[in-house]
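One chain, chain A, appears in both complexes that follow, with chain B as partner in the first and chain C in the second.
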Partner chain A sequence: MARPRLAVVKFASCDGCQLSLLDCEDELLAVAGAVEIANFPEASRAMQPGPYDVTLVEGSITTEHDAARLRALRDETLILVSIGACATSGGIQALRNFADVGEMVRAVYARPDFINTLATSTPVAAHVKVDYELRGCPIDKGQLLELVSALLAGRRPGLPSHSVCVECKLAGQVCVMVAHGTPCLGPVTHAGCGSLCPGYHRGCYGCFGPAETTNTTSLAAQWQALGASQRDIHRAFRTFNAASEPFRKEADAHG
Partner chain B sequence: MSASGFPKAGVVLSLDGLQALIDALAARGYQVLGPVEHDGAIGTGHIAGIADLPAGRTDRQEAGSYRLDDRDDGALFGYAVGPGSWKRHLHRPIETLFKVRRVGDELSFEPPREPPARTALLGVRSCELAAIAIQDRVFQGGRYVNTEYAARRANIFLVAVNCGDPASTCFCSSLNTGPRARRGYDIALTELVDGRHEFLAEPGSDSGAALLAYLPNRPATEADWQAADAVAAHAAAQIHRRLPAEGLKEALQQHPEHPHWEEVAARCLACANCTNVCPTCFCTTIDDHSDLDGHGAARVRRWDSCFNGDFSYVHGGAVRTQTRSRYRQWLTHKLANWWDQFGTSGCVGCGRCIAWCPAGIDLTVEATSIVDSISAEAKAHGVA
Partner chain C sequence: MADIKRIRVEMLARVEGEGALEVDIAGGTVQSVRLSIFEPPRLFEAFLRGRAATEVPDIAARICGICPVAYQMSASHAIETAFGMQPTPEIRALRRLLYCGEYIESHALHMVMLHAPDFLGFEDGIAMAAVHGDLVKRALAAKKAGNRLMTVVGGREIHPINVRLGGFYRVPSRAELTALQPDLARARDDAVAILRWAVGFDFPDVERDWELVALRHPTEYPLNEGRIASTSGIDIAFDEFETVFEERHIAHSNALHAVVRERGGYLTGPLARYALNFDRLPAHIQALAREAGLGPVCRNPYRSILVRAIETVYVCEEAMRLIAAYTPPKEAAVKLTPRAGTGAWATEAPRGLLWHRYELDEDGTVRTARIVPPTAQNQPAMEADLLDVASRHVDYPDAALQLACEAAVRNHDPCISCATHFLKLTVNRE
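Moving on, here comes the complex of A and B:
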């Protein structure tokens, strides 16, 4: 049986999520043995044309050119997986969605007339059908390997959509919110990181975006009870997943 | 006879005697787990001696809040239940059920490698003994036995400690599960810090009695029993929260559309913390994993929760899409349907779901609110 052909393609992003694949180290040779890495510019200049069996898409869509490129990519891909906060929610660059992008371009670039960009940064799923999503800023390499293994075996990948709290409790960590009074986004954040920050006595930053069911309003009220200001709450929801609907709405409600 | 079914017998252990108990358990091949302070809470961990116990520490618990504090009597067990229950030592959060490898056309199944270690749990509270009894019933009391649980349970030695200082979140007395341990232990200790520092030790099993006889001790006097009774009475007097006893099961089962469910859902985060800290919640899900090379696979069981969307997923979608339905499912199963299923309540009154709810939702308040509104409505309609 021919090995499935894999492509790893980026749009507006920092490359950190693709690096998670190269970061697999111990498993990298097994991945390279199990799939044919047909197009992965970050790893090799030998870029082969499609079609691809699996394409990992990193980054958000910020230009008309990228939107067209993404649609073409969808047409030559069997299974399309968006990876990381940029591809799944628009990323930190989606902060432009709440501002005047023309003003930003004039402030940043010496020749604003050279810049041709969209007013918004949007996730891959806003443009094409997505088969699977890996959340996170960056993604978790364990989840990436789980997804690749599942696709190879033709089984459902284990990518739970519940809160980070579940992972925190599975790991036997002490709740930083209840025991330390530290505001934490864990109760509304999608699992997948293994409850990394609470494991280091920090509140969750929400980098995996909203969980399958969220009650950001109730959590924000609890944050206020712990002394967080309106601005703290606004900023907490305005990070890597600012444009995801539950986080966008909650940020708006606090200034 | 004592309530445990054993003749009322007791000995008094000094602090050295308690150390001798830990040493004797270790000498008999038990790993000893007990209360240890870590990360701002009193959890459970390995205990080599009494120096590992949280001496002179206590906790202040409220809905959605847990803080440690000092106490001036040097008590070793002067706090209530902590963030994690003993459940995680018997009913593991994540457990590999088997691994399988394909060699040619053959499949070779490997059972889990870990042999059940003899484990002594030191400092188990009365509510937690009740919780273990409930999980015994769930996991090994019926036709289908959870073999991993049963293997571990058969190797457990339980040293209970009677509560002297319950938290404000405790409500065991309204469920008859505490504060004093009545059954289900090998040895029960009552810490006596009334100007001395000793422990009244009661056997609850043959192995508990045999071990106590081996330890340096003195026979308990009437004064020692009275001191232990005073500890229990003091503890009971500190418990103010309660679950309604009358009409709870019917109120929950017969009012699935009660407006209060929506009211709770406005506060509930659906984060699943309550079910994960609950010492009786037993639901799990199964994940199948496969290796990249396609030759190895593993089946893994992990704690699940009725607050997770995937929990009620069937073909086409989740049955319980709303938090209202999930909270109702949890409370109704725990406090009502559990009676039909297992012959007991699923709640032991430990109060963990109250303290460790990041939104501070109190199930005693929610349950009382529903019962009260229904009985008020019945009165208004002239129904007795």
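Moving on, here comes the complex of A and C:
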């Protein structure tokens, strides 16, 4: 049987999510044996044309050119997976969506006229059909391997959509919000990281974006009770998944 | 008029991020080369305005998934300077330890998975593993040891969550760190094996006369601290950076080019760090470098793989030394007292000098941010290399010329995402 053809491509992003694949040091050569890595420019010069069985897409769409590239890629891909906060929500780049992008370009570049960029940073799903999503800034290696294994085995990947709070309880960690009064986004944040931040005595900062069902209003009230200012709450929801709907709305409510 | 021939390659591979190469050839002579970085602008310096200083290490890290610690370190030190605070010696040591992890991970990836295939005629490290499986496995094992160190100290290897202004959220126990020692010792041996393997590569015989710019510290091989020094006599504090260097915005690039105001392009990164700090390496590592045919200065960018191996040996040993001497800090972080002011700092990212400056309001809100990443600084030197390589190989068939040009860029381990993405090679022949 022919090995499935894999592509890994990026748009506006930091490269961290595709690096997660190279960071699977123990599994990389096995994965490379089970699939044909047809197009993965960060790792290989051998860039084969489509069609691809599976394409992992990192990054958000911030130029017309990238939007067209993405549409072409969808046409030659059987299963398209967006990986990471940029691809699933627009990422940190989406902070431009709430500002005057022209002014931002002028603040960074001496010659804004050389720069060509869209006013918004949008997720992959805003442009094309997406089959699976891996959340996170960055994604979790374990979830990536689960996804690849499931697709190879022809089953649905097991990617829980509950909150970090559930993971934290499963890990038997002390609740930083209840025990230490540390504001935490764990109750509304999508699982996947293994509740890292509470394990390091800090509150979750929401880098996996909103969980499937969220009550951000109630959480914001609890943050206020712990002494967080309106500005603190606004900024907490306006980071790496700022354009995801539940976080956008809650940030607006405190802006 | 001769035929016009154009070759277009969609993307330069095995670099972080995306960019384009363009080589114009007419009458058998290279007319110009351009390394275009048109990463969609990511506008971090604009995003950072109005954020709380405490958010900056997390946000700045997202500039680069390959060297997030560098961003976190330069940002933290710069803001602490503005606040007039200093980390304790224990926190200083723990930061250096975290940075060692990033060096091991980043250098191991570049040496074997990104750089070595150019010398051995493979498309990638995975194909190379069919012939050089032992070395690829050793590199991956070393990389894993670096990532493991970053995970224990930083919480995770990509975008660590445990770094904060003033120090950390939680400091590791002695037992957690001591458990890393065997893997670090093996990673050190792996780096020596990679060095001895790479010594046998066929290196093009070139010497570059760039001005080399790196940090220089009174006693240490520099990672987090020092003064900015160069082979042409620059010796400045971090806040003097803008008086000596300037960034220029070039039409073909979404990255800004940095130049020495007086003289033009320069090079930062492993070759510069090594040349300016050879005397800061322990004698046995200097001996290892000599055994690999390296003098105290190496000006051949192809041989940077050897210098990265030497640095990897060094940071593995340094990490082991720091762990052996580790005393958990009493407080995980120094208490923060915001005040209005400006702070500048540079640290040595694996691929070169990373300078940050922040202007802060009295409550710690960021008023302005400026970030000069290593790849923007190296862009003029990379283009000079390209011009030389393309000129020397102008009669190569297009595919071979393309490979030579790509290799010239990969020598410098550019992080185009940092600078900003999208690498194509266009050869225009007239």
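Methods note: the second predicted complex is superposed on the first by the 255 of 255 C-alpha atoms of A that agree within 3 Å, B and C clash if a C-alpha of one lies under 4 Å from a C-alpha of the other, contacts with A are read in each partner's own complex, and residues count from 1 in each chain.
Everything that follows uses one rule, which is that a contact is a pair of C-beta atoms (placed from the backbone, for glycine too) under 8 Å apart; a residue touches a chain by one contact, two chains touch by 3 or more.
Computed from a predicted model, the values in this text were never measured in an experiment.
Enquirer: If chain A is used to align the two complexes, do chain B and chain C fit next to each other or clash?
Expert: Once chain A is superposed (C-alpha atoms), there is room for both chain B and chain C without a clash.
Enquirer: Between chain B and chain C, whom does A:H201 touch in the aligned arrangement: first, second, both, or neither?
Expert: After superposition on chain A, A:H201 lies in contact with both partners, chain B and chain C.
Enquirer: In the overlaid three-chain picture, which partner chain does A:R111 touch, first (chain B) or second (chain C), both, or neither?
Expert: second
Enquirer: Is A:H180 contacted by the first partner chain B, the second partner chain C, both or neither?
Expert: Only chain B is touched by A:H180; chain C is not.
Enquirer: Taking the superposition as given, does A:G255 touch the first partner, chain B, the second, chain C, both, or neither?
Expert: So A:G255 meets neither chain B nor chain C here.
Enquirer: Tell me which partner A:G158 touches in the superposition: chain B (first), chain C (second), both or neither.
Expert: In the superposition, A:G158 contacts chain B only.
Enquirer: Tell me which partner touches more residues of chain A in the superposed arrangement, chain B or chain C.
Expert: Between chain B and chain C, C touches the greater number of residues in chain A.
Enquirer: According to the stated criteria, A:G172 is in contact with first (chain B), second (chain C), both, or neither; which is it?
Expert: The answer is first: A:G172 touches chain B but not chain C.
Enquirer: Please state the minimum Cα-Cα separation between chain B and chain C in the superposed model, rounded to the nearest whole Å.
Expert: The answer is 11 Å, the least C-alpha separation in the overlay.
Enquirer: From the superposed pair, tell me which chain A residues show up as contacts to chain B and also as contacts to chain C.
Expert: The answer is residues 201 of chain A.
Enquirer: So in the complex, which bits of chain A are touching chain C?
Expert: Chain A reaches chain C through residues 10-17, 19-20, 22-23, 25-26, 28-29, 32, 37, 40-47, 62-63, 66, 91-93, 95-96, 99, 101, 103-105, 107-111, 114-115, 117, 137-138, 193, 196-197, 199-202, 205, 207, 232, 235, 239-240.
Enquirer: In the complex, go through chain B and note every residue touching chain A.
Expert: 38-41, 43, 64-67, 83-84, 88, 93-94, 265-273, 276-277, 287-294, 297, 302-303, 305, 307-310, 323, 326, 355-360
Enquirer: Using the touch definition up top, name the residues of chain C that touch chain A in the complex.
Expert: 10-18, 39-47, 49, 51-52, 55, 58-59, 62-66, 68, 109, 113-114, 117, 123-127, 129, 136-137, 140-141, 143-144, 147, 155-159, 161-162, 164, 169-170, 247-251, 253-254, 256, 332, 406, 415, 417, 421
Enquirer: Quick check on the complex: what are the chain A residues that touch chain B?
Expert: Against chain B, the touching part of chain A is residues 27, 30-31, 33-34, 145-146, 148-150, 152-153, 155, 158, 160-163, 165-166, 169-175, 177-181, 184, 186-188, 201, 211-215, 217-219, 221-222.
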